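Below, each structure is written out as C-alpha cells.
Two complexes, one shared chain (chain A), two partners (chain B, chain C).
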Partner chain A sequence: MDSRPSRFLPRRLALGAAALSLLAASVFSQMALADEANTTGLAVTDTEVTVGQLHSATGTMAISETGSIQAERLAIEQINASGGILGRQIKIIQEDGASDWPTFAEKAKKLLVGDKVAAVFGCWTSASRKAVLPVFEKENGLLYYPTFYEGLEQSKNVIYTGQEATQQILAGLDWIAKEKGAKTFYLIGSDYIWPRTSMKIARKHIENVLGGEVVGEEYYPLGNTQFGSLINKVKLKKPDVVFTAVVGGSNVAFYKQMKAAGVTSAKQTLLTLSVTEDELLGIGGENMEGFYASMKYFQSLDNPNNAAFVEAFKAKFGKDSVIGDVTQAAYLGPWLWKAAVEKAGSFDVDKVAAASPGIELTTAPEGYVKVHDNHHLWSKTRIGEVQKDGQFKVVFESDLIEPNPFPKGYQ
Partner chain B sequence: MEWLSEFGAIAAMQGFNGLSVFCVLLLMALGLAIIFGQMGVINMAHGEFLTIGAYTTYVVSVLTEQYAAFFGPYYFFLAIVLSFFIAGAIGWLVEWAMISKLYQRPLDTLLATWGLSLVMQQAFRSIFGAREVSATLPEWLMGSWNPTEAIDIPRNGLFVMGLTVLMTGMIFLMLYRSRWGLQVRATVQNRVMSRAVGINTKRVDRMTFALGCGVAGVAGAAFTTIGSTGPTAGSLYIVDTFLVVVFGGASSLLGTIASAFSIAQAQSLMEFFMSGSMAKVFTLSAVILILMLRPQGLFSIKVRK
Partner chain C sequence: MNPTLDKFLGGKQGAIGLAVLATLILVVFPLALDAFRLNMVGKYLTYAFVAVGLVLCWGYGGILSLGQGVFFGLGGYCMAMFLKLEASDPESTKIQSTPGIPDFMDWNQITELPLLWQPFHSFGFTLLAVIAVPVILALVIGVAMFKRRVGDVYFSIVTQAIALILTVLIIGQQGLTGGVNGITDLKTLMGWDIRDDSSKLILYFINAFLLFGCILIGRFILASKLGRLLMAMRDKEERVRFSGYDVASFKIFVFCVAAAFSAIGGAMFALQVGFMSPSFVGIVPSIEMVIFAAVGGRMSLLGAVYGALLVNYGKTYFSETFPELWLYLMGGLFIAVVMYFPNGIAGLWESHGRKWLGKLKRQSATPAKPVPVATVPAPNSQPRELESTP
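And now, the complex of A and B:
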C-alpha cells in the first residue's frame, strides 16, 4: 500500500548488511583459529585450553596419588611457562575421585560433559580406570593413565604412560635368573587383579622360559597386617627368589615383619613389583635394604633430564619430597599430550589420539620414550637395589622394551 | 636328622607366631573391650585412636632424632607413655563433646563415631600429609633373636608380647582391684542404683572412655614396629578388633582374651597350610557359625532378664 517507507529499505539493508558482514568477518576470522583446532566443542578458547585432573586427593588412595597430582601440575606449569600448547595456556580443573570408584566415573562424566575438557590426566588403581573407561569411550574423552598395571586392556581413548605387566615383569625375572642364578621362586601378592595377573605372567615365564620352578604362590587380603605364617613358609621352602606384589598398608607390615623374622637381603634375594620411593617412605629404607625392585624409573637415575626434573620437583614441593615410578609416568602425560596436539594441529580427541602413536619424548626423565600403536609406551626397565636412605641404586638397565598388553602364551 | 631339626625350628617359630598374633589381637582389642564391653559404646573410631598412637611415636621419633639423638634407642618408651596420654585426652574430649550426649541412643553412637573416624582420618591427612611415614625404630627392636642357629624370634614380637601382658595385667588390676574399677562395674550393672549410692557415673563414663582410648593409643604406638603409619592405618585393625570383642562376649575381659587366643591360633595355623585369603575365609566362617549358636559370645555375665 504505502510504498514510501520501503523506498529506503534496500539501501538501508545494504548498509546494514555491509556493517554486519564486516563485523562478522572480524569475529569469524578469530573464531576460525579456535575452530580449526577444535571442531568438537571442547573448552578451548584463543588463549586457553582446559584440561581435567582426576585423582584421589582424599581417602585411602591419596597415599599413592598425591605424587601423580604433583607431577602433572609441575608438567603443566612448565608447559605454560614455555608458551603453552598451540599458543594457548593450559587451565586445570581438578576433581577428587576420593578413592571411590563410582565417584571417579561420576567426576569423569562431569569433566567431559560439563566442562568439555580437552584431556584428562588421572586415575591410579586399575579399579578406578575400569570405572571411568566406559565414560571416556562413550563421551569420547582422552585419558592419560600413569600407573604400571596388569595389561589386557587397550582403548583409543586412553594413553597408558606407565608400564604394562610384561614390560615390568619379564625383564626383572630375566635379570634375577641370570644374575643370581635363580631357579626357585616364591610368589606373594595382595589379593586383587593386578598382583594375580602379574603373578600369572611371572609363573608362565618362570616355568616356560626360564626353566625354573614356582615353589609357592600366595595371596593375602588387602590390608592384612600379619605375615608371620607366610614368612615361616618361605623359610621352609627356601626359594632362591621371593617375588612380591604386596600393596598398601600390608606392604609396610610385610617388610617390617620380614626383617624382624631375620629374612634380610643377607639371607634371601627378593624382587618386588610394588615398592617405589613413595612406598619406601612408609616402609623405611633400613627395613628393606638390599632387596630389589623392578621399575622403569628411579629417582636416582643419572641423566640430565632427570637431574632437571628432580630439581624442579623439589623446588616446587619441598626438598624432602620423593619421586616414584608412577610420579614420573604422570609427569610424562601432559608432555605427550602436548606433542600429540602439536603434531595433529588440533585439540580434537580423535585427531590427538590418531597422532599419538609414534610420538617420541627425548626429554623424559626416564630417558627416551615412544608411544606404540597400542597406546602404551616403549620403555626401559631398571632394577634398583634398596638403600638405607630410602633411595634405589640402579644395578641394571634393559634395552627399550616393546609394550605388549595382550601377551600370547602368558594368559 | 637335619630335616627333623629344621622342622622343629619351623614349628617353634610357627608356635611363636601364633602367640604373637594373639598378643597383637589382644592389644588392639583391649581398649575396645573396655569401651564396648563396659560402656556399651560401639566406637567405630577405635582404629583412629590407634593411629594417634602411631603418629605420636612418629613425631617423638623425629623430634628425638633432631634434638636429642643420645636418647635415640630409648625414645620408644617415652612414645608409648605419651601415646597413652594424648589418645586418652582426645578420648576424654570426645566423650565430653559427643558420646555423653548419646548414651540413650546406642545405635546413634555407631554413626556418630563412624563420622568421627572419617573426620580424624582427614585430619591426619591434613596435618601429616597423605603419604605414609615411618618412625625410625631403635636397633634393639628390629631384627631377630636367635636362640639357636635355625630359629629367628622377632624382637618386635617379643616386645609386643611383653607390652600386652603388662597392659592386660594393669587393666585387670584397675577393673577388679581398684576403687575406680568397682565404680565402673557398679555403673555397668545398675546405673540408677550406682548414682543413688553416690557414684558420679558421668565421671566414671568419661574416665572409662578415656582409658579405653589411651590403651588404643598404646597399641597404636606398639604397632609401628609391625605395621604402617598412615592416615588410614587404624582402619586395617578395626574389623579384627570388633571380631575379637564380639566373639569373646562383649562385657567380659576374660572372654576377650579367650577369643583373641582362639582366633589367633586358628588363623595362624590355617595360614600355614593354605593361602592367607582362604585362611581368613575359614576363620570368619567359624566365628560366624559359633556366634549363631552362641549369640552372647564365648563368655558372658549372667544377668537376670
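And now, the complex of A and C:
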C-alpha cells in the first residue's frame, strides 16, 4: 500500500504532461488550419479537403441517381489528377439518402455538422432537396444540385446546375410552335410539384404568348402504369402536340402503350421534358422513335469537350453506360465549386457562395455555362429527336438562356 | 408498497428495468452524445412511442396492426400544420403570389388558406387534434372491424389498406398537404426557434418524459384487470366472450390507446426533425414500426424502446459505414431476430441474461472458493421460464 502513491505519482505526472502536449499540439494544428483558406472550421487540412456526396444509392431513385454519383466521382478524380483545389486533394464522404426524404435530411446534417464538409454534391428529386434545404441554410452548408426542376426557389446555400423550368420549357414550346405550326396542346404529367409547375408555365406560355390552346391537362399518380383511357382521349382530341412530364417507371408503360395503340411519331408529335438517355434505356429507343425531348444536354452533342467527357466516362464506367442531362449537370458541380473556391481563395462557404455568380466554365460538356446572380446557370436548350438506338439527334439549339426561377407572368 | 404505485412500476423487477432505461435515456445519452447524435436518438425515441403502443395492442391484445404509420403520420401532420402556418407569415413569404399561406399552396395556385387549415392557427386546438384525430380514426376503424368480429390477419390487411389509402390521399391532395414533398421548413413553435441546439435538447427531454409517461400508462393498463382480460382474449377469445365480456370494446380501447401513443410520437417527430412527409404514413414504415416492437420483444414495453433504438441505430450505423450494402445487413438482422430470438431482446434477457446475472451474483458471493464446473447448471437443464414482467 505504501508504494502505491509513489508509483502512481510519476504516472500521473506523465499523464498530465502527455495531456498538455496533446492540448498544445491540437492548439497548434488548429492555428495551422485557421489560415485564410478556412476560417470557419471546415474539414480542410494543408493537403486535403473533404466534400460530401449525398444521393440515393438504394431504393427506387437509385436507378436515376447512379449516373450523378458516377459523374461527380469522375469530376473529382479529374480535379485531383490535375493538382486538386488550392493545392489540396479532394476526399469524398459518400452517404446514402436511400430514396427517403427524412434520411436525406439526417445525412445532410451528419455531413455538415459531423464531418464539416466544405461542399456537398447531391440530391435528385425536389422532395429530397426540399428536405435538406433547411439543414443547409441553418448549418450554412453549400449544395450543388444537378436536376432540372420546377424553379420557385433560390438559396444562398445552393448552386443549381440543372435548368429551372422556364429555361427548359419555353424554348422547346417556341421551337415546336414555329417548326410544326402547333396550335393545340395536350399536357400530361406525373402528379407532383415539378410536372404541375412545369405545366402551369407551359399553359401560360401557350395561351398568352403562342396564341395556342390547351385541349387537355391530366396528371397521374407516381408509378401509375395504366394509360389506356388517356391514350384514347389523345386519339380523340388529335392535339398538334402531346407535351409530357411523366417520370420514373410510368414512362416505360406510357410510351409502350402509346406505341401499342398506334400513336407513333408518324401520326403524332410529342415533346417531353422528362426522358433522357437514362430513361430511354428502360423505354427502348424503338418505342419512342421520332418523338422530341427538350433538354440542355444530350450525349450526342458534337463538341470537343463532350467527346472527351463521354470517352472518360465510358473508360471509367463501361462502354455501355449512357449519359443523360442530369449526369452532365452533376459533372459540372465539382468544377464549378473548384472555380469558385479558387476565385475566392478560400473554402469558407460564405466566400465561395459570394464568388460563385459570374463563374464561367468553357470546358463544360454542354458547351459554355455561367453562374447567374440567382445561383442558377445560363445555359442553352436543345431539342433532341429520339433515335432507334436510344440516342438523340440534336435538331435545334437555342441561344444562351437566362435562368429565371421566379418568372413574372407565369405564376 | 402502495398498490397503485406498484401497478405503475410493475413491482421491484419492473422498477429496476425502468430505472436502468431512465438512466440511459436521461443521463447517459445526453452526457455522452453531441447535439447532432442526441437529436438522432430523440428521433429514434419518437418511433419508440409507436413500438410501445404495438406491445399493448399486438403483444398483449393480439391485434397486429400493420398501419400504425397512419396514426404516427396524422399526429405528425397536425403538429406540422401548426408549425408551417407559423413559418408562413406574410413577411417571410412575400416572394409568393399570395403571401401568408404555406409555400406549397402557392405553387398549387391556391390563393387563400383552406378551411381545413384555419383552426391550426391555435396551439391549443393543435394539441387536441394531435391526439383526437388519430384516436377518432382508430375508433371508427375499431368499431367497424371489431364489432363485426373481423380479426387476425384480416384486420392486419385492412390496416395496411388504410395506410395505402391515406398515402395516396396525402400525395394526391398536394395543394392541401404538400404532396410527396410533405410539409417542410418548420422553424418556430410560438416564436421559439426549434432548430437551435439548446431547444433540441429541451425537446429531447420533453420527448423522453412523454415516452416514460406512455410506458407507465401502458404498465397501469397491463397490471389492471383489463390487462389480464386482454391476454385472455388473445389466447381464447371465445371463452372471454362466453364469460360475458364485450370483447370488441376492449379491443377498440387498446387499439385507440396505441393510436394515441403513435400520434404523440408523430407530433414529437415533427417538432424534432422539422418536417413531415407521406413517407411515414405508408405500408413500409408501418411494417418497420412492427419490426421495432418485434426486435425489442413484443411482450415487453421497455423492450420496445430498446428495439426502436437498436434498429434505428443499426440503420444509421450501417448506412454510414456501408452505404452500398446496408440494406442487406438490416435484412440479415431481421431474419436473425425472427429465426433465433422470436421473443426479441426482452426474450433473450429473460432466457439468458437473467441467468447470467444470477450466476455472476453467486460467484461474487463466494469469491474465495472457485465454483467447480460440474456444479454450474448447464443452460438447458433448467426449465425455460419466460416470465414476462411487462
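Keep this in mind: the second predicted complex is superposed on the first by the 377 of 411 C-alpha atoms of A that agree within 3 Å, B and C clash if a C-alpha of one lies under 4 Å from a C-alpha of the other, contacts with A are read in each partner's own complex, and residues count from 1 in each chain.
Throughout what follows, a contact is a pair of C-beta atoms (placed from the backbone, for glycine too) under 8 Å apart; a residue touches a chain by one contact, two chains touch by 3 or more.
What you see is a predicted model; the values in this text were computed from it and never measured.
Colleague: Once the two structures are overlaid on chain A, check if chain B and chain C clash or fit side by side.
Modeller: fit
Colleague: Have a look at where A:K110 lands relative to chain B and chain C in the superposition and call it first, second, both or neither.
Modeller: second
Colleague: Have a look at where A:L152 lands relative to chain B and chain C in the superposition and call it first, second, both or neither.
Modeller: second
Colleague: For A:L210, select first, second, both or neither according to whether it touches chain B, chain C, the two together, or no partner.
Modeller: Neither partner.
Colleague: Have a look at where A:T58 lands relative to chain B and chain C in the superposition and call it first, second, both or neither.
Modeller: Touch partners of A:T58: chain B and chain C.
Colleague: Go through the superposed model and pick first if A:K235 touches only chain B, second if only chain C, both, or neither.
Modeller: A:K235 sits against chain B, while chain C stays out of touch.
Colleague: Please indicate which partner A:A131 is in contact with in the superposed arrangement: first for chain B, second for chain C, both, or neither.
Modeller: The second partner, chain C, only.
Colleague: In the superposed arrangement, does A:V310 touch chain B (first), chain C (second), both or neither?
Modeller: Touch partners of A:V310: none, neither chain B nor chain C.
Colleague: Applying the touch criterion given at the start, work out whether A:K259 contacts chain B, chain C, both or neither, answering first, second, both or neither.
Modeller: Touch status of A:K259: first partner only.
Colleague: In the overlaid three-chain picture, which partner chain does A:G284 touch, first (chain B) or second (chain C), both, or neither?
Modeller: A:G284 sits against chain B, while chain C stays out of touch.
Colleague: Using only C-alpha atoms, work out how near chain B sits to chain C after the chain A superposition, in angstrom.
Modeller: 6
Colleague: Output the chain A positions appearing in both contact lists, the one against chain B and the one against chain C.
Modeller: Overlap of chain B and chain C footprints on chain A: residues 57-58, 191, 221.
Colleague: For chain C, which residues count as touching chain A in their complex?
Modeller: Touching chain A: residues 35-36, 39-40, 43, 95, 97, 103-104, 107-109, 168, 171-172, 174, 179-182, 184-187, 195, 273-275, 277, 279-280, 316, 319-320, 323-324, 326-327 of chain C.
Colleague: Considering only the defined contacts, which chain B positions touch chain A in the complex?
Modeller: So the residues of chain B touching chain A come out as 6, 10, 13-14, 17, 20-21, 24, 122, 125, 129-134, 136-137, 142-144, 146, 152, 154-157, 223, 225-233, 235-237, 267-269, 271-272, 275-277, 279-280.
Colleague: Could you please specify the touching residues of chain A with respect to chain C in the complex?
Modeller: On the chain A side, the touching residues are 57-58, 94-96, 98, 100-103, 105-107, 109-110, 113-114, 125-127, 130-131, 133-134, 138, 150, 152, 191-193, 196-197, 200, 221-222, 406, 411.
Colleague: Once bound in the complex, which stretches of chain A touch chain B?
Modeller: Residues 57-60, 62-63, 65-66, 191, 218-221, 223-226, 228-230, 232-233, 235-236, 248-249, 251-253, 256-257, 259-263, 278-279, 281-284, 286-287 of chain A touch chain B in their complex.
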